[in-house]
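Have a look at the structure that comes next, please.
Which chain is which? They are A, B, C and D, in the order written, and residues in each are numbered from 1.
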Amino acid sequence: MLLTPDAAGVFPIAPTPFLEDGRIDEASIDRLCAAYHGCGSTGLTVLGIMGEAPKLEAAESLAVAARFIAGMGDLPVVVGVSAPGFAAMRALARAATEKGAAGVMIAPQPHLRTDDEITAYFRQAVEAVGPDIPFVLQDYPLTLTVRMTPGVIRRIVEENASCVMLKHEDWPGLEKISALRAFQNEGSLRPLSILTGNGALFLDFEMERGADGAMTGYAFPEMLVDVVRLQKDGRRAEAHDLFDAHLPLVRYEQQQGVGLAVRKYVLKARGLISSDAQRKPGAGLSAAGRAEVDFLLARLARFDARAEGLGRL
Amino acid sequence: MLLTPDAAGVFPIAPTPFLEDGRIDEASIDRLCAAYHGCGSTGLTVLGIMGEAPKLEAAESLAVAARFIAGMGDLPVVVGVSAPGFAAMRALARAATEKGAAGVMIAPQPHLRTDDEITAYFRQAVEAVGPDIPFVLQDYPLTLTVRMTPGVIRRIVEENASCVMLKHEDWPGLEKISALRAFQNEGSLRPLSILTGNGALFLDFEMERGADGAMTGYAFPEMLVDVVRLQKDGRRAEAHDLFDAHLPLVRYEQQQGVGLAVRKYVLKARGLISSDAQRKPGAGLSAAGRAEVDFLLARLARFDARAEGLGRL
Amino acid sequence: MLLTPDAAGVFPIAPTPFLEDGRIDEASIDRLCAAYHGCGSTGLTVLGIMGEAPKLEAAESLAVAARFIAGMGDLPVVVGVSAPGFAAMRALARAATEKGAAGVMIAPQPHLRTDDEITAYFRQAVEAVGPDIPFVLQDYPLTLTVRMTPGVIRRIVEENASCVMLKHEDWPGLEKISALRAFQNEGSLRPLSILTGNGALFLDFEMERGADGAMTGYAFPEMLVDVVRLQKDGRRAEAHDLFDAHLPLVRYEQQQGVGLAVRKYVLKARGLISSDAQRKPGAGLSAAGRAEVDFLLARLARFDARAEGLGRL
Amino acid sequence: MLLTPDAAGVFPIAPTPFLEDGRIDEASIDRLCAAYHGCGSTGLTVLGIMGEAPKLEAAESLAVAARFIAGMGDLPVVVGVSAPGFAAMRALARAATEKGAAGVMIAPQPHLRTDDEITAYFRQAVEAVGPDIPFVLQDYPLTLTVRMTPGVIRRIVEENASCVMLKHEDWPGLEKISALRAFQNEGSLRPLSILTGNGALFLDFEMERGADGAMTGYAFPEMLVDVVRLQKDGRRAEAHDLFDAHLPLVRYEQQQGVGLAVRKYVLKARGLISSDAQRKPGAGLSAAGRAEVDFLLARLARFDARAEGLGRL
């Protein structure tokens, strides 16, 4: 059951839940899986940037991935394997696939600059993990500082048959989706799933530009599922109404660095994880920040019942 | 009538309007001034990053500044004088002040890294422009790549008596406002006006954290004026309601690179500038992008009459 | 007498000499010109990065360029016109050409990343300065952070007929020269002059890889002239012997930031400029640094009489 | 036998030798150890940037470190433990120390910018590895893009008792050594060993500025040992004569990216490793590059018998 270019819908980015003492919180992994399942997700992604992947030891990474894979049952799980070196990338990719991962996600290393450096990197990455493991290409310039044009993405897709999905989180990125879909319309790019990230800040329009769904970790994956579905059903106004109701919180959660603290804080408030602890280095929320999130949750509850009881005006 | 640390309210960031052939559009400058005046602005900032300052020749820069200064009458105008070298910075700062500028705005050069490099830069900048010209310190890491801690900002303020205002546009930046205000509460930082930028994406909470107002170029400065006033009057819910109605467009306009095209497109739709032309290099809006902005304007009009008739669902 | 792809030999990079009070030192410009002429230079480049170009006002830049042009008589002078915006670039390029410049030098702006961004930039730059002015493409990733592959350089050359020369200062860069010459051998790149920079740190081998000469500001341009000539005459061992004798000082002068202070210190010791003052911001030499340069000069004098009397062991 | 601030002399940076098929070459590790021992090294550093550390799996890293530790007998071995996350850093640091490492080396992560970010990072790193393991602070801005002032280095040293050594490879860096020694003279910085890196490009003067020795991987560690000894004995002219004879090759080996290929090529020519293979991504030497190194070795042999028979004019 490997990942294919047909993948669509919502693959939430799972956080890695920790206990207050920093150990992996396995019970919360199970609770998260139940929630992701229950809200209509079509898959899951673990060990991404927001999954605090670099803070785990190798054995822990594999254990976390395995537990999420088990928890998601027959839904496909993508495992982030980005690493400074190919040996570690290969080791995790092969081991996770043995545990049942549907594919892996690979981000370019931050030092890459020219088109040729970037495409060479992905050829070598595929050689390292093996061409039999489907991979998701992560395009996240804001954090990774690597800029890939639509043409470069096309080269990577064409050069590597195992590239089946783009995690699109360029910013601004709407034109990039249109450009890639135009490549496909003109026949110069083979089928490719495009799921969008960036905390869902542009999900409303990304769907209209041709995205297949979302892959991001916003603390209300239900909203992502609904917006994706409404847009696919052509119920545009409803999609925007729901999206706009969440936008103040989406925007707040999408702050660089602080975002994960917000996300874990809300997930804890929702009872999905038992602690919002992060491993170091990790920015926590100040009292003022917590009050702001509470305020946003209370305002959200006026429009979306799923936020009821979580916040405080 | 020089700028002081008491400055508050809204200083819109003015775009530089061009005719289709690239020449300065003086009539539009006058229309913009009338609009800024009419909506309750307390000042204006010209030749900022969004004012396409580096695309002007020296003589043009001065002419644009002078026309805005004349147009704003007795309201203070801040002139952006950031430049790769101090000679050009000094020349524009002195000339603009002679034309009636209330102060200048200085951003750090992108190569600056350490705390000492940054503070040395501002000492030298003040030496160049002269200590008699009040200046606004621009803190915009997302674009400039220079990161200033609250402690570094305090050092700059303390070392340079002519620093009277912070243009705050760090992201995330709410804690930075709180930290600076805490410095002042404990007596370690003298009075300093803080106006916030970043396209107003966090203006709702920035006011609650202690900002004195906004300095940004969102195409509805009326909204900025209203939110600042409502928050100062303690009408928090109303402030957030209005802000949230604008947030979908605020978010859309705040895209890096594309943002100015959106802004000029809306200002043109509002009749405030005659063309949305940018000088090269400048990213225009695609047909899809224009339709998205039209859609956002139409949705906005349901809540804010000032957007009526501008868009199309 | 415009610059052509046949240009070869040594184009020293001239410093901009200042008096102690920061004014332009015109007499030193004249002395420098006489020295460059006298040592066998085939051209000159002014207002480069090491010419403190961003520290000059527009009028000063033109005046400095004009004086150097006059001083060099019938030898071609290239004027650096790199600027954050095209308006300033165009203004200086047109004015300098009117004063007799043989061509201009353009470096990419530091924010450029992808191949397409870089090539688009040069198309727009040529549109700005005009296709009638020959230009030198500056490839200096260490300082500018822009990385151009041989393929990108070829695209720029092929897209812009007015590109007649590459100022090559990538590091490492030997393979790049070989790649470009291979393009020409296979017929995929038209003739292009390649002069090398980087403080001459690899001039010995750059000539063997196919460079046409040097364009850099080492304080003994005579050495550059001799090494270029010896290599062209096939006197390889002599070329390396001379080069190696200078290498300890070349290496010392090629330090980022400090390098210009070393260069001006030696030029002053040689009587070619009256002061080693730099405009701010500019790193001076410490007493220890000056003693180290003196020591290197004294050691150099054992091999090269042109350094006699300048240093102190 | 843990590392102390008294450490001095030469700690070569060991490459990680691979067989042609990419496996670790243990026999070459033993040969390298014998050579390092035989030439007067006072210690060794493994798994640095030039040790291709990120290309190893966790178990391999430990195995490589352990074999070098065993091979060096009673000489102290420093193990590079830099990693994107603290969990991996801690794991390797603790395990290597159990195997007999004398200390670890930690480089700042590339995203760190402000003084406070940098110092916080090292406090957290020490918390992770434990305060009982001495560590070497690596200051290598050219590759890591993190700039630490002398004041920041002092803060790190003062805040972390386990910081016993600076691997100094700023460029330019001579004034930094002087500044740190001046701190110690005035009593504001406790004793700290300073060994210099950067391929030894400035070792001649670094010793005169107060360095305790060298920690770099130049393919002739004998030269490093001799220059350090000669400078300590006050035989300055001899030190520079020997250094200058090696400088053409030192400079060639110090090219970013290509440098390791040069180093491994020479080490193989010297019979110290059986293959110059690198794991991917790794830049190899072209035929022209190999010929240039051969040429430099032949020229070196005229002055230093230890290079005899290795090259070819």
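Simple rule for what comes next: a residue touches a chain if its C-beta (ideal position, glycine included) is under 8 Å from a C-beta of that chain, and two chains touch if they have at least 3 such contacts.
Since the model is a prediction, treat every value here as computed from it, not as a measurement.
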Centroid-based (C-alpha) most distant chain relative to chain B: D
Superposition of chain B upon chain C: rotation angle, C-alpha, nearest 5 degrees: 180
Whole-Å gap between the CA centroids of chain A and chain D: 39
Cα-centroid distance, chain A relative to chain C, in whole angstrom: 48
Between chain D and chain C, distance of the C-alpha-averaged centres to the nearest whole Å: 33
Chain C, residues touching no fewer than two other chains: none
Of all residues in chain D, those that touch chain C in their complex: 171-172, 174-175, 178, 201-202, 204-205, 208-209, 237, 240, 244, 247-248, 251, 255-258, 286, 288-289, 292, 299, 313
In the complex with chain C, residue positions of chain B that touch it: 53-58, 60, 83-88, 91, 110, 120-121, 124, 127-128, 279-281
Residues of chain A defined as touching chain C within the complex: 113-117, 147-149, 151-152
